[in-house]
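Take this structure first; my questions come after.
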Amino acid sequence: MGTIVEGKGLSKSFGGLTAVKKIDFYLEEGEIVGLIGPNGAGKTTLFNLVSGIFHPDEGKLFLNGRDITELRPFEICRLGIGRTFQIVRPFLKMSCLENVMVGIIGRNDRNRGRAEIGREAEDLLKFVGLDGFEGTIAGNLTLIQKKRLEMARALATEPRAILLDEVLAGLNPSEILQALALIETIRSKLKMTIFWIEHVMGAIMKASDRIIVLDQGEKIKEGKPEEIVSDPRVIGAYLGETDA
Amino acid sequence: MNVKKFWIPVVFIILAIFPPFFLSQYWLHVMIISLFYVMMASSWNLIAGFTGQVSFAHAAFSGIGAYVSGMLAVYLGLSPWLGILVGMGVAALLGLGLGYLCIRMGGIYLSLTTLGFSEILRIIITNEDRWTRGTMGLQVPGFFTEYSKASYYYLFLIIAILLLIVIYWIIHSEMGLTFRAVLNDELAASSSGINTIQVRILAFTISSAMAGLAGGLYGHYLMLITPDIPSLGQMFLVLAMAVIGGMGSFVGPILGSFLLEILSEYIRIYGEYHVLIFGLVALSVARFAPEGVIGILGKKWESVWAR
Amino acid sequence: ADIIKIGVVGPRTGPAAATGKAFEEGIAIALDHLNAKGGVLGKQVEVVFEDTGGVPEKAASAFEKLATRDKVPIVVGESHSSSALAEIEVANRYKVPFIICEAWHDDITKKNYKWVFRAGPVNSGVVDFYIAPFVKDNGFKKVAIVRENSDWGVGIAERTETNMKNFGIPFTTLKVERESKDFYTELTKIKAENPDIILAYIYGTGLHFFVSQANEVGLSPKCLILDGAGPPSLWDTFWKNVGKAGELELFMSSMHEKVHLTPTSRKFWDDYKKKYGKDPTDYKTRSIYNVVLIAADAIHRAKSTENEAIVAALEKTNLEVTTGIVKFGLKQGSYEYHQWMPPMLVVQWQDQKQVVVYPKDAATGSLKK
Amino acid sequence: MLEVKGINVFRGEAQILWNMSISVEQGEIVTVLGANGSGKTTLVESILGVHHPKMGKITFLGEEITFRSSFLIARMGVSCVPEGRRIFKDMTVYENLEMGAYPMKARSFLKETVGWVYSLFPVLRERGGQIAGTLSGGEQQMLAIGRALMSKPILLLLDELSLGLSPKITKEIYGTIKKLHQEKVTILLIEQNATLALRHCYRGYILETGRITLQGTSQELLGNEHIRKAYLGL
Amino acid sequence: MSEFLMYLTNGIVMGVIHAISAIGVSLIVGIMKVVNFAHGELYIFAGYFSYHLSISLGVPPLLAMPLSVFFIFLVGIGMERTLIRPTYGDEMYSLIITFVLSIVLQNAALLIFGPYPNKPPNLISGATNIFGLYHYGNQRLLSFFISIGILVFIFYLIKKTWFGKSIRAVSQDRGMASLVGVDHYRVNMLSFGLGAALAGTAGVVIAPIFPVTPTGSSAISLTAFVVVVLGGMGSLKGCVVGGLILGMMENLGAAYISTMYRQIFGFIILILVLVFRPWGLFGQKTQ
């Protein structure tokens, strides 16, 4: 196992507000890493940095040892980092199938027919549980379905590492269980590294190998799930007193 | 490709060979102009209908093609056959440049910038009358030494068919899908590995080049190039044809071009009312049948031979 | 058929649509006149009026339609030099006789096309025989030439410059945008030069803006303004738009209520008044009237609608129209070939009345400065 | 107070709600549970006048509102935290809150209510001038809740209340819900975290593919075997 | 020197005039994401209305002006209800509809009012000698001050009133706005009507200086677009600044560079701004 993604001293400010402060992190191949923290801690911003939507004010970002700090989103995607959005953004006026096909095209490995791409997209839709929705216009899906669609689209780009921003939000406990199984399959079958943000503690504790906790842009804790839940700083900032 | 899909265009093309044998000079002229508009409306549709970028510079690009080719012919004696290719190249380059400027902004900004561009072009052309002969128009040689409507008809026909094939291929390729993705959500497309900038510029460049080519042909056919070619009035016609025919469909603009050009021959007798009638037709179609005549004829028909 | 169709080209839409209106009126009167007399060759005369929109390319196409679709034996009209220049090429290609009435560019007849005639003013003629002598004879010391960026503006301004150079009268030239509305900057520049006459080669509303703003910035009436085209100073809206600033403005015209050069002119005036209940204002009404008569006369004398015959007849024209007796020049090599220029007048607004101030022999009053 | 009687609701061609009836009494907290796509949001939106049922009837405070426009319903004192937050992205945080107090009745208390919302979510005070679209997901959720409170509603519809909120904030929000309840605000709550929802309400409905399949007090529901399996993941 | 001051004065006056003719476009773009191509035509119609009311019907000019604006307001409302309403949320669709509409209205104006330019009577005549350096038309000065008054009023309306806030909310999420109690039909209608009325206001205020002609409408729309993009879409402050920049550039450019290229300067700065600050001088950068 080797490190695939690594960030060193990443910082990002918006006006006077520093959303991400000097964060170091790494993702090992095949790992599931959770990212938690209070609202506004800078989690999504960190994802935006990694996927190239923002460029860090300071710090460097590496993918397999290659410096990707200044690359644009599509380049990073083609190098192997896929993502979903917390506030979903499927291609609203296109069908589900087309949404996923775009992801496949985004891989940029040419010489394949539209028909074959279509077939592959169908498989991916089935994989995330959207079979039967191929022709549905994405705008007509429910929020959760849109999230799954985004996941299929991200998977379609065949990333080495995939960034999932709150894909479980809005699922009920039993649905969460199914989703966790899906995530596990992504790791084991598709051999992808998973970096995910989640506020559903039960799930993230259960499925993550390692958890990073942010607060006010800074990394306040990193470690195994058990270590995290008992850390007083994490409890104070994020979990709140009673529960644990 | 299934058989049905294949033979319908072929029949059309074969039918298109015959008009010079029975049409009068006058109607042949109308057909030639219609073919010009087919090229313009279809290539405009490529960006407006398929990537949703309503450009107002399309007529301007055809003007660039026309003027470049025309001026090369007049001042350097270059053959129009080469000239139109150079004109197309220059239009493509400027399209690339303008596309590059516009990619940062979507929608309305693009529309207004292209509007500005076409105004700048118009002003330059009218003011630099020493070279362009201003509003007086630049007299240029034609393609053929012997003036013959039939030859022009076939020339326009062949090139129009070539352009249509390219357009058809683009919208039915992966590129077409990426165009739409970029249009839907640029950030999401980018994060899915689509080089959004490239896609947008590419679309813009291709369509500008096509307009440049069409403009060059048109100029050498009329043997007179005036600032009216790159004017907003011309732009209106092109837009009206695409809208009336059906934007975002392959056949729509083709149909629209013939419909409108032929219609205009009939309503010409109403003189001053004729632009108004045009406008009203376009307006009611845009308002009540946003998918155009094609939409009215029904998707079914289109699916037979275009999709 | 029992009908002879005469083709007409002119702008019915676009910025110069006003000319189209003037043309329609003139045509109506001419047709009434001709058909009342039994038409031509025993047939009624009709007109097919194709719109050019004031755009050369549309003009060429309009002409082409007249030639190929309507197959008219002769075409008359046009008021834009740019359109006319495009049309003469088509006329030449299809060998259709064409009589132009109000496009002033030299090249139109200078090209010496067999099929092209002009019974109307030509830039060089207007400048050489009227504008330049007017400036010289009235002792103006410094001239400002303001020209719009159109074919007509460019041509007439260049000719004027040549003339001024010959006379040794100092001048400056300022180019303006045809669609400008605000001339303060231009006027301030002119004011700095301190001219005593401005030759304004601006057609259309622009002229109204120019005249009224010249007054606002204190340039006129100290310095006089001559409208080199004419019609804009006669439009109904002129006085409304310029207000008092119109006083003492000068303009070119070929028509004046008191100056009737021929009996036909009087008849035209009466017919017009009868039909429209007002005095004619735009002299283009009369110009088109003239060319329709000339065309009918040529067909009549040619006894056929065949193109060669018509041209032959045209070359022998000797017809009285409202502005004089038409005779086309036949010497090749200059703009005078197939050209007949009507006499022109320089008119000044004095107390909102038109006073002919030049040439002296037609004058109804004297120039006020 | 709110009475939904046998409504059939369509979205486009598809029927989403089938003969659905629920009722909410003054001062109650009622929850609706259901799997994804079962029609919870559609139900809420139908009450709000976004969709109009093909059949059936909705009454609020004794008045029929089945075909009333949303804004009129909102002016009757119904406010909501919609699914997906739907804050006004290009307006500032403060302006978003102001918009919450749009109905005439609420405008006069504007200053007070803003103060109250700010005390509930201090982050929003800090960010008062920030363009709302740049807030983090959770901050936007807080803003959406704050905005809904601004009109001092008598009926509050909460769709996915705790979505994207940190556990700590979630707890605080439920604290607030309790307070609102004490102030006699009626609440219809939709929440994926069924345990949490049931713990805070009196009664609940279970929605499955557009039909009510079960209803009862929270105790009853918590005790139901099927529910424990399907919704609580126990 | 006096010449330079003259150019400057005229630049400022024309700048404010540009701003007032653009503010209607800016408002509608900002609020409804609709570029109203028919803006110039509404302006022209207002100019003709006020001309015909005062000249043909003898209504006093000071009454004719607001009356015409009110007519245009009604026309705007009519437009919104019949043509614009179905286009909400689809910028391109509305762009096409209003573009075609502008051609229709322009030709209609040509038929109704004829091709000749017309102007309502001046409210004030003559010129003022400014500092003894140069003369400046009184009507221009008057229109300048009226325009400033209107701009201030619009600022107040949009930024400070509930009506202003509600139209902004509707512009961002129609459905949500109605969920907080905003009658979005009415707001949309009124704000489009307001934008139209502003076009009309510009028309009646400016027509005494620059008579209206049907064919002049596209130039008016174009100038308005340049101003709006310069300042940043939907930014009212930007609209004023954009107008001033354009006014200055046109006058100084015409004075010191070329009178022929007067109109091009605006477009050139426009392109420059778009290269370096695509969201305009005062617009917000959004993703």
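Chains here go by letter, A, B, C, D and E, matching the order in which they are written, and residues are numbered from 1 within each.
Keep in mind that, in the parts below, contacts are C-beta pairs under 8 Å (C-beta built on N, C-alpha and C of every residue); 3 or more make two chains touch, one makes a residue touch a chain.
The model shown is predicted, which means the values in this text are computed figures rather than measured ones.
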| item | value |
| --- | --- |
| Path length in steps (a step moves to a chain that is touched) from subunit A to subunit C | 2 |
| For subunit A and subunit B, chains touching each | none |
| Selected pair, greater C-beta contact count between A-D and D-E | A-D |
| Inter-chain centre distance, subunit A versus subunit E - centres from mean C-alpha coordinates, in Å | 47 |
| Centre-to-centre distance between subunit C and subunit B (centres being mean Cα positions), rounded to whole Å | 37 |
| Rounded Å distance, subunit C centre to subunit D centre (Cα mean) | 76 |
| Inter-chain centre distance, subunit B versus subunit D - centres from mean C-alpha coordinates, in Å | 52 |
| Residues of subunit E whose C-beta touches two or more other chains | 107, 110, 260-261, 263 |
| Interface hub residues of subunit B, defined as touching at least two other chains | 123, 127, 187, 272, 275 |
| Shared interface positions of subunit D, touching two or more other chains | none |
| Every chain pair meeting the contact rule | A-B, A-D, B-C, B-E, C-E, D-E |
| Subunit C-touching residues of subunit E, taken from the complex the two chains share | 3, 6-7, 10, 14, 55, 107, 110, 114-119, 122, 125, 127, 129, 134-137, 140, 210-211, 213, 215-216, 219, 250-251, 254-255, 258-263 |
| Contact set on subunit E toward subunit B in their complex | 29, 33, 35, 82-83, 86, 91-93, 95-97, 99-101, 103-104, 107-108, 110-111, 218, 222, 225-226, 228-229, 233, 260-261, 263-264, 267-268, 270-271, 274-275, 278-279, 287 |
| Residues on subunit B engaged by subunit E in the complex (per definition of touch) | 48, 52, 54, 101-102, 104-105, 107-109, 111-113, 115-117, 119-120, 123-124, 127, 187, 232, 236, 239-240, 243, 247, 272-273, 275-276, 278-280, 282-283, 286-287, 290 |
| Subunit A to subunit B touching residues, read off their complex | 51-53, 72-75, 77-78, 82-83, 85, 89-94, 98, 101-103, 105-108, 114, 117, 153-154, 156-157 |
| Subunit B residues within the subunit C interface of the complex | 24-26, 29, 33, 123, 126-127, 129, 133-137, 139, 147, 222-226, 228-229, 231, 233, 268, 271-272, 274-275 |
